[in-house]
Each structure stands twice: as C-alpha cells, then as structure tokens.
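So that you can tell them apart, the chains are marked A, B, C and D in the order they are listed, and the count of residues begins at 1 in each.
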C-alpha cells in the first residue's frame, strides 16, 4: 500500500486519482495540493483525502506521503521536482517532463543526484493495446521495424494554461507530440538513438502564439523512421491512432474513436459521453473504460510496484528527457526548415548502430525482389542478379 | 481487503485469479481447491496461495477465507454452494448458476435461507462497453427499447467437461446463452418479465449430444424482444457482439474481434495472441486487455465492494435463477417447436406491464408516420389520419 | 442496345434509370409510364425519354420497346405483368414479385405460358460484395454452410403506398424480407428447398396495420438455417448487413453504413448525403456509389445480356415466387406462433436432401471435437471415442 | 460509341479493358499493340479485339481508332504520345505522365500544339468515395481545408520494369506518389499552387536502386499541407487511405483493405481474392468491385463523354505535368534534405493566394479559442483578449 501526495487538482489530477483509487486498489491519496483553495477542498472531498493544502512544499514533505504525483501545469514541474529532491520523496510526474530539454535535464540530474525514485507518467505506452502490440513487436511478429507513426489530434485542451506559450512551453507539439515520440521510440527500440528531426508546424486556426498543428519525421540511427501528427484543430473527437510497419508485418491501433462501440442517438440524452467528443447526438463512438484504454491503470501499477520492489519503472525521467530533446529538435526544425540533430548530452542506449541491409536471397546468384500470385493464378518471382544487377521476372 | 477461497484451478479460475490479484488490488486468494493434486499445486505456486487442498469443504471452511469463488464445472455448483451455506460463507459463482432452473432455484433458496452474501459472476454485464452503453440506455439515449440482441460464438470451449452433456447440463446454449440472456435482459430492464421463448437449436457439426448452434427469441411482457445467437462452430475467433434498437437510437458493441487493434504478420512469431484466436499469422485482431474488456475487473470490484458494504451486488443468485429459467424454456422450445412460457416461481420485478403504444402525434388530426428529406432536397411527411386511418404524403 | 419501357416514375424508377443509362451504357429508356401526368413529364425530361404516357398498356405495347421494367407499387404488378404477356414483351420486375405467393404464382405461370423473358430485380444478390462473397462460398472457402443471416433495417420507406397494407400487401417483412430471403437462400443453395419458417413480427412503433419489425428463421432441407431481421423502426440510417457461417469460414458483409467512408462535419453543408441517412452533421457514413454498391449495375447487366443472349437471367419470376412463398409462411407463423411449412406447388430444385453428418475423424477410434493451443502454449485435442462415446482430453 | 487502341497488354491494360468493355458499355477496343507477340494475341483473343499488332504506330494510326489509351511502362510514354500527336489521335495515358517533369512538359506542349484531346488516367480521383467526399469538401462540409493526406502502400508492383530505375524513372514515389499528390491537391484545390516539398525517401528493404518507402509534405500557397506516404514494403495487402482535415470537419476514406467485406477461411479455397492480398487463409478483406472502387469506371466515363462533347476531361496532361513537377521536387528534397521549391514553368491556377487568417470572434473584445462541455457538465469557453492577448477561461 502506497500513500500519495497529489500536486494539482485539475482534469489530469482527477483522471489520475480515479485510476489510483479505482477498482479494489490498496493505494491512497493522503495529501492534495492545489493553488486554488476551492479546488483543493473539492478534490479532498471528492476523493476522501485527509490532508489538503495550498502550500506545495507542505504536501510534499508530509509524513504520510510515500510518493509525490506531479499533475501540475508544465511551468510548475521544475519547482515541484526540486522540492521532492529536497525532501527525498519519490516522485512521478505527468508529461511532458519539462518545457524543454534544458529544464528536463536539470530535473533528471536532480532526481538522480538525490537518489530518489523517479517515474515519467507517459500513459500511452501503458495503454493495453500498446502493451500487447509492443510484446508482439518485441517477439518479432513484425520483423525489422521500418516505420512507426503515432497520431494524436483533437479540438484542443481543456485548461487555459495550455494555450499560453509561456506556461505551457509550446503548443500541440509539446502537449501531444511527447506521447507520440515515446510510443514510436518504444516500437523502434528505446536503445536506438534518435538522430535528427524534420518538422512542419503552423498556427492554422487558433488565435494563439504556439503551433496548433504539426507533423514531424524522426530518423533513428538504424534507419528506422518515426512520425508524429498532432493537432488542436481536429474535428470529430479524440483521434489517437498508431501504425507500425515492419518487414514481416503491420500493426494498426485505434485507442479512442473506433474501438468497437458505436451509438446512434437522436439526442434525447445529453450527458457526457467520452473525452473530447464533440456532440451528443448522431453517431457517437464512446470508449468503454477511458482510464484503462488510456493506460492509466497499467501505468500506476508499474510505478507503484516498481517503487515497492525498489526498481526503476519502465518510464523514468531519463525517458522524459529524451522526449524533450526530440521535441526541442522539432521546434528548431520547424523554424530552420532543416533536418535538425537531436542533442542528447545524456544517452544510455546503443551507439553507432548501422542501418540493416540484408536483402532476401533467392538462390546463389539472385536476390528475391518479390514473389506473388498473379491475377491469373500463376506464381512468379522478380529477381535481381547479384553480380550484374539485372532484374528479371520468372514464372514458376 | 478480502480473502478468497478459489474452488477450481482451470481456465476460468485462472482468469478470475488474474483479475482478483491484478493491478494494485488489495484482495488475496488465500485458499485453492481443485480435484487434481497437480493442478492445485501449480495454481498455489503461480498465484502465491498459502492454503491448498483437494478437499472442497476444507477450503470453504478455512478460517482465513471471507468469500468463496466457485469456478467449477457446472455439475459441481450445487455441492459447492450447499457447503458455503453450511459454513455461512459468502459465495460468488461462475455462470451459469445451475444446469437447469430447478438446480438454480435450490441454490437460490439455500443461500437466502442461510442469509449469506451471494454473487452471480456474469462478467459480460460488467464489460466496460456494456456499462457505458447501459448507462446511456438508462438515461434514455435510445428511447424505448424495442430489441436487444447478443451474440457469442466461437470454435468451442477449452475443457472436456463442457462437451459432456451430463456434466455441463447442455451445450452452447447453456454455456454462452446465459451471457446473452442477461445482457439483453439488462438492456430491456431487469424488472420486466420474460414471458416466452422460441428457440431453434441443432447439432450441426460436432460429434456431441448437446446442441452446437442455437438461436432464440425471448419475448418480454412490455413487447420488447431479446435475441441470442450462440455457437461452438464459429470460425474466426471469439465473436462477441451486442446490438440494441430503441425508438430514438441504436447501440452496436463489439467486445472482442474488432476493437481497434489490427495486426498482420507473416507468422514469424507464434505465441498466444488472444482468447480463442484461430491462427497466428495473417490478419489478427488481438484484444488489449482481455480481463478488463470481458468485465472481470469491474465485476469483482462490484462483488467485493458490495460484500464490504453489506449490500447485494448487481448480479445475485436470483439473476442466475432467472437466466436458468429462460434457458429451460429455450430447451423446451427447441424440442416442442413452440413458443414456450418462461416459468418463474420466484419473480421480484414488475407484473402486468403492458405494451407501450404511443404513436407520434403530428397535429390534432394526424399521427406522424415518417418525416424525411428526399433524394431531391424536399422535406416531406407521411401522415395517418386519426379517424379515417387514411395515409397521406405531404411535401412541406 | 436495348430499348426499355419504364413503368413508374418514383424513387425506385429513378434509381433504375440512373443505372440503366449510367456510365457509357448503350441502353435507353424509350417510354415512360406513370399514373401522374406531372411525374411522367418530369421523368421524361430528366432522363430524355421520347415517349411518355399515363396509359400503361400504351407504354408496354409501344413499338420502340424491347423490354418492360416494372417499377410500380406492389398492387399494380399483376396488371402490368399480364399486359406484358398479352403483348409478348420481355419483362423485368421490381421486388417483391407479388403481394403474396398466389399472386406471384399467377404471374410466373403467365410469363412462362406467354414464353416471354422474365427477370426478377432482386438487386442485392447482384451487389458487388455479394457476388464476390458468393463466389468464395461456391468455391468452398467456407466449407458447408450452416447459417446465413441478412439484415435490412432503416427508418421506413419513402412513399405513402408502402404504409398502406392493401396496396403493399404487408409491411417491412414484404418490403425488406424479400431481399434477405433471396440473399440467404443463395448462400445456402438455390436448389435446396426451404421447408419451414418461424417468425416473430410486431407493430412496435408506427401507427400502421402492418408489421414494422420482424425476425424469422427459415429451415432448409439440408439442415441449414437462414435468418432475417427487418425493420422500419431502425435509427441511424440504412443498415444492410449479411453474415454467413460455414464449417470452414465466416463472411461478414456491410453494404451500407460501414464501407470505409467516414465523415465528420459540424453541419455547415446540408445536402443529401446518402440514402436514408438520418442527419447531415456529426459522424456520417456515406456510400461512394450507391447504384453500384446496391447491385443495380450488375443486375441490369445480367438482365440485358441475358435478354440479348436469349438465356434466362440469374433471377427470374420463379425466384420471386419462391421468395413470396417463404414470406407467406412467415406471415402465417407470425400469427400461429408455429413453425409453418413453406408451400411450394412449383419446385425446381433438389428433393429429399438429407442433413449432412460427417464428424471429423481423429484416428481409427476417435472423432475430433476440438484442437487448440491453450493459454499456456500447449497443444491439446478433445476427442470422442467412437464406440463408448466417452469424451477425453489429450495434451500433445 | 468510341473505338479505342490499347497500347500495352499487361496488368493495367487488362484492368482498363475490363472497365472499358464492362457493364453494358457501348465502347470497344478495336486495336491492341504490345511488344510481345504472345501477349498481343492473348489480349486480342480475351477481349475480342479485331486488330492486333507489335508495331505501335500502326495501332495508333489505325483508321478504326478514335482514341489511344497508353498503358505502357513509363519509359515508352513519350514515344507513344509523340506518335499520337503525329497522327492527331486523341490520347489518354496511364499515370505518371512522365518519368520526370521535363518529359511531362514535352508531352503536354506536344499534345496542346497538336490540338488533340488529352486525358490523364489518374483513376483515384474518380474513385466513387473520392467523388462523393470531394463534393462534400467543395460544398463546404469541412470548412477551410488544413491538411490532406493520402497513403498508398503495398508489397510491391507486379512487373519487372517497375523495379528498374531507368525504365520506371523512380521507385514507389513515382509509382504511388503520383496518385497521392493528385488526390490531396484536389481536396486542397487544383487552382492553389504547390510551392515547396519536404521529402524523406529510403531503400529500406528491397535490393533495388530506387526508393521503396517515402514520406513527403507539400506546402500550398494558402498554407494548406498535403502529405503522402508510399511504400513497396508494406505487409498486409493494398493499403489505400485518405484523410482530410478542415476547420469544420474530417474525412476518412479507406478504398481497399477495410470496405465492409470481411472473410475468414481456414484455406480450403485458394483462388485469387483481391489485388495485392498476401494470403488466402485467415481473415481476408476482399473488395466487392475492384474496377469501380478504384475509379476506373467513372474515369473512362469522364474521358469518353468529354471526348464526345468536345470538352477537356477533369484530368488532363496539364495535371500530369503538375504532379510530375511535385515529384521532381520531392526527389530533390530527399537528396538535399531541404524544402525544395516546386518548379512550374506552366501554371494555370491562382497566383499569390495568401494564408487565411480569420480567428473566430467571441465578442467585441475577445477571440474564441475553445468552447466545451467539461467532464462535470459545465460549459466553458477559453478566450483571448484582442488587445492584451491575455488568455482567460470563463465558465458559463
């Protein structure tokens, strides 16, 4: 059983609390901090939290707290983390870790120097579909991974601070891209180095300073390509899809808008249907169990089990730092219009991994380009002569 | 925190244990009973259970047990339940409750006389999609419910006793129909009486005495119709779909084969992909989190929360009894080829609910039959004169 | 090149005309008949038809007409067909053939006696997906067919006469069931005799005399089961789905509401989106090419090619008669609540086809019930001893 | 009725012929040219073509030919087109027009100078789903278009020449990207100028000189972004999907792998199922009517109707030239790693279209950033002060 201090009482803090105290869980939120007195009271009441405060340090330092869960706006992350270091409290933090790589690096170095447990709450690499897909990829079901794409788009976040570039540190790329980067990085291999990024970003619709739409390609040292598509201007709900291409297979995951649950209603009932749904009539696509589908349950299980077992969780501040570094490169690229290198002062994966080149052999003299059954039933192969390079077709 | 005796160590007992001891759950299986010594040892080891025995009564009576979870073949249900009554132990039991209504009734009367907590483990009315769909239905999003269909078909169960009509009590209709009946009954209203059943059942493929394919219609007192389609001969995996039609809307739920997770693999990896999947190459449709998708987590939460709060769970032995009574009528109908009445000696819902008849009024003189926008942009209505009965078309 | 007289100028006549004169088609509607002068003029103008009349016989008898296309309300079918016989004109007729089996039989006998080409315009067995699915079934991809279901439901037809039981001859069962019966009959085998029908039908919503919702099971001589689900009370659009189960496979066809075309719109544009769509905002599911998706193009190709080649088309008045006979049995069953025999005075398929019984053999002593890979990777078989009947499990 | 000379007798020529002579079409292939004598004979026989030859000019110049259909490998396009110019024969040509922009430009200038009808056979902008989606976009259902993505990936083309960079002119980007470019350009507006391209391309799997995987972003003058994803290394079949995002809506089109037709088979039948399907057992996703779904029927209807009516078709050599120019920029970008300008010596659309900037107004003092219903039922708006730029949240 673990006792948790929750920092923050907004949308995401409530999602976290629903998960942490969900099912028959043994864990308990024992302290709640928020900047607003009203909000802190409401949260304490709703989640039955014994200690509540508008003083962040008081919550962190509280005796009855094993681990601090940072669910604050981005611009308050560093302050919260530094206080955890000061009080040697285990910490897990919502995404993104920092507003930029420098901030993330300071937090990473601080928690490691303090020797405290640190978890990075990237929920989408704990989504049940991801976990199962990842296992298949790891087991080789897709062969060598060529490309991994993650898309997260919706009509925009819920709280005002997201739209303020100072407080948020960026726009949809920071808010949503961090998910996509870690998802695709996981499929490609977290020990493979991301080397450069090409990014397009624009403010196409919203009257804000940050970007509301961005697309990027991330090149990894082994030649694999990651891609993200993020937007705050998408119409139709929360679109959360991943795709992976390997030499032996394909994965398509739809986490939200098409999960086998479809409802048509003329609109007689008008309650909350699903996160970021845009309507409550017509065809609707609710999600059965948002907390589980979005990975919260499996994420906190890993975090708290790891804390108990004294091992690092699957996602640590180090991962958050890598993600922030990729995002930084993306922002640079959106401005420079160049492929920008990913700067990683701290890198703990493999170095110098080359591009895989192993064409399929057909026979001693030929590589196999393609084998197929044609329209007319015949089986044929397209071959390349190893020495002459000549390409020939052969009907078998 | 609750301590559980698990009776049975097969496929379903393991699914239950994975759920009961999953996530950060506080509950614990403290005793395991199985008929086979090998199996009991393996289970105790896998799930870290302190007490194990091949004597059913010993497990039930064990001091360190708050509630007994019956995960045994159908023909052992009554024996287990009677022992729980004898030792005044709370009990929750896998579906179906009995092999027939008479058995179910004896168990229902026994637990109520003994005054013990009794839960009926119909997991699919706890499936997250069901829970959300049900809430929408309850809130009126679909208007008056006209029809609810549930389909569960797959290539056949895992253990030999299912295929033995004596031990199982029936075929796919008892095994799978029990789910479908409770799902559709819930949508229509658990207080609405099922009055008669028409069923077709046949042994089309398997060399067994019981039916391997069955379809039935269940008429409720308010004129609503439930339908189930069950089979052990379906090819392609586990097909688990529900559909609901109401005057104001429609719900389609796919719990298993199409949940937004699609994988193609040439077959380089050959591990277990998903319950009852038939292949491990080509296009596969795994489920992210089977335990959650199938309702186990929410079911046990309701069971153990209810036990703690001293209230009956959502599904009790009474529900199991109603389901068995509907199944009995279905078996009679399959033989007699008649609509057979559902015999319910015990009925705790509404009585004498008439069929709803409230045609939409268009104006003082007309009922509205239909309103539509035609191919050519015009809006028109089809009306029925209240007195003459004449049907007319009017372009607006 | 064929010259066509179109009888009728309503919704379906226009669909037919769009198809007959679509693409680069060589055929031409040369005469149009309708009861309404306005309507006949508009049609003649829209489709560039040289001869138009409010006298049915005049259109049929017109010199410049090779074939008559009957697109009239059900109660006018017999009159039209008899005039075609009188003038020895080839005829193709919309579905259903008659309002009942007796009417259908009179028409069948008349066209055969007159020796004229006769086609039954059951478009859905010409739908491209059906054609391809049917070919797979015929080639054995699904093994022995166990069950075929067809569902057609929508919020109700477009013209007033459908809602008038005298003019239509029935309700949704006649209007939509005729499609479903011919689809499922085709999958099971058009030479296999439908023997009995169990049907539930009710008027659940609309203020009409006919049924607005019906479900039926049709038993074939070989033990296969067909099922139809039809309704005029469905909300959400036009639901047109078929399912087939065989010993070796499964087919799921969705002809309309989910065909890989999804659109979300806030509703800025409000044009006609798709047949029987209920809305023009929110998530919409248009169909790319309704005429083609619904089978019209392939149907008329078969009709007119057959006429040219002097062979009967795939669907003739005989098929229409069989369908009407099944519907008659369904209506009788809905009233009597019994399985009602299908009365077929005229039957041209096989007689006395028995139920297939060929259990899979495992070895000399055992039948195979099931083979599977378990949760834990082991391969096991469930067998039945041929002589003792005992069922055993064997892990390999 | 039009008489067609078909140049080429391979895969695509046969698809074209099936469409041109399909349904009840009045048109006829009257001459067939192919380099191989065997192939020309087989084609003439299969499609009942009266004149066949291995001399290209002979076919083009043939008296009985109204229009020439070029279905030859890319490296033979220019020769064929020049001969059509010489003989003043109307011409329609398969995609891409040229191997590069220079070749395309020469052909465009030649046909215009010769004054002959010229059609560019970009079938996918004639696919029925595209046509309907495009109409909705044109009618404003999606508002202002922000982004259009088209993806075409499969396991590689059928004929050897595709894999030969000399003969093909490029890899998957030329072969498949040409489709994607014209699709997305159509959604954004064919009169809007594509200005620059960023492209990643690599040879990840196949032993060839050209790229087998490429992704590109194309920026249009109005700030809209097009994206293509193309590959010859995709596993799982032919993946053909488009997505469009607008300020008011979203479109998702799946042209091939998920069109509402799903089949599971254990593999007892082993015929051709669908273009580029990789298997004939397990779950398969055939297409009902490939010719129609892929746009061939509507494309040839437009081509031949336009020829008859003496108007240009929807897609002309000019469009082919624009597409080739975008591809050229993509190839340059893949090498230079820079955003490369699209060079268009010939441009017939709008010039100097600026980026649209029209933030939604909330009231006199504020822009609306977002309006939503929260988790807890409240309606709130997020606003930006027009003068101070301050972002505030307001619960209504």
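The definition used in the following text is that a residue touches a chain if its C-beta (ideal position, glycine included) is under 8 Å from a C-beta of that chain, and two chains touch if they have at least 3 such contacts.
What you are looking at is a predicted structure, and each value in this text was computed from that prediction instead of being measured.
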Legend entry - Selected pair, out of A-C, B-C or C-D, that shares over half of its residue contact pairs with B-D: A-C
Legend entry - chain B on chain C, rotation in degrees - Cα superposition, rounded to nearest 5: 180
Legend entry - A-D or A-C, whichever has more C-beta pairs in contact: A-D
Inset, instruction - Compute the centre of every chain as the mean of its C-alpha atoms, then state which one is farthest from the centre of chain D. - result: B
Inset, instruction - Round to the nearest whole Å and give the separation of the Cα centres of chain A and chain D. - result: 33
Inset, instruction - Could you please state the distance in Å, as a whole number, between where the Cα atoms of chain A are centred and where those of chain B are centred? - result: 35
Inset, instruction - Could you grab the centroid distance between chain A and chain C? Build each centroid from C-alpha atoms only and quote it in angstrom. - result: 49
Inset, instruction - Could you check chain C for residues that touch two or more other chains and list them? - result: 142, 235-236, 248-250, 264-266, 271
Inset, instruction - Show which residues of chain C lie in contact with chain A when the two form their complex. - result: 235-237, 264-266, 278-279, 281-285
Inset, instruction - Using the touch definition up top, name the residues of chain D that touch chain A in the complex. - result: 11, 14, 142, 146-147, 153, 155-156, 158-160, 163-164, 198, 200, 202, 204-208, 213, 215, 217, 219, 223, 225, 227, 231, 233-236, 245-250, 271-272, 275, 337-339, 359-360, 367, 369-370, 372-377, 382, 384, 391-393
Legend entry - chain D - residues contacting chain C, complex: 1, 23-27, 127-133, 136, 139-143, 248-256, 258-266, 268-269, 271, 273, 286-289, 292-293, 297-298, 300-301, 304-305
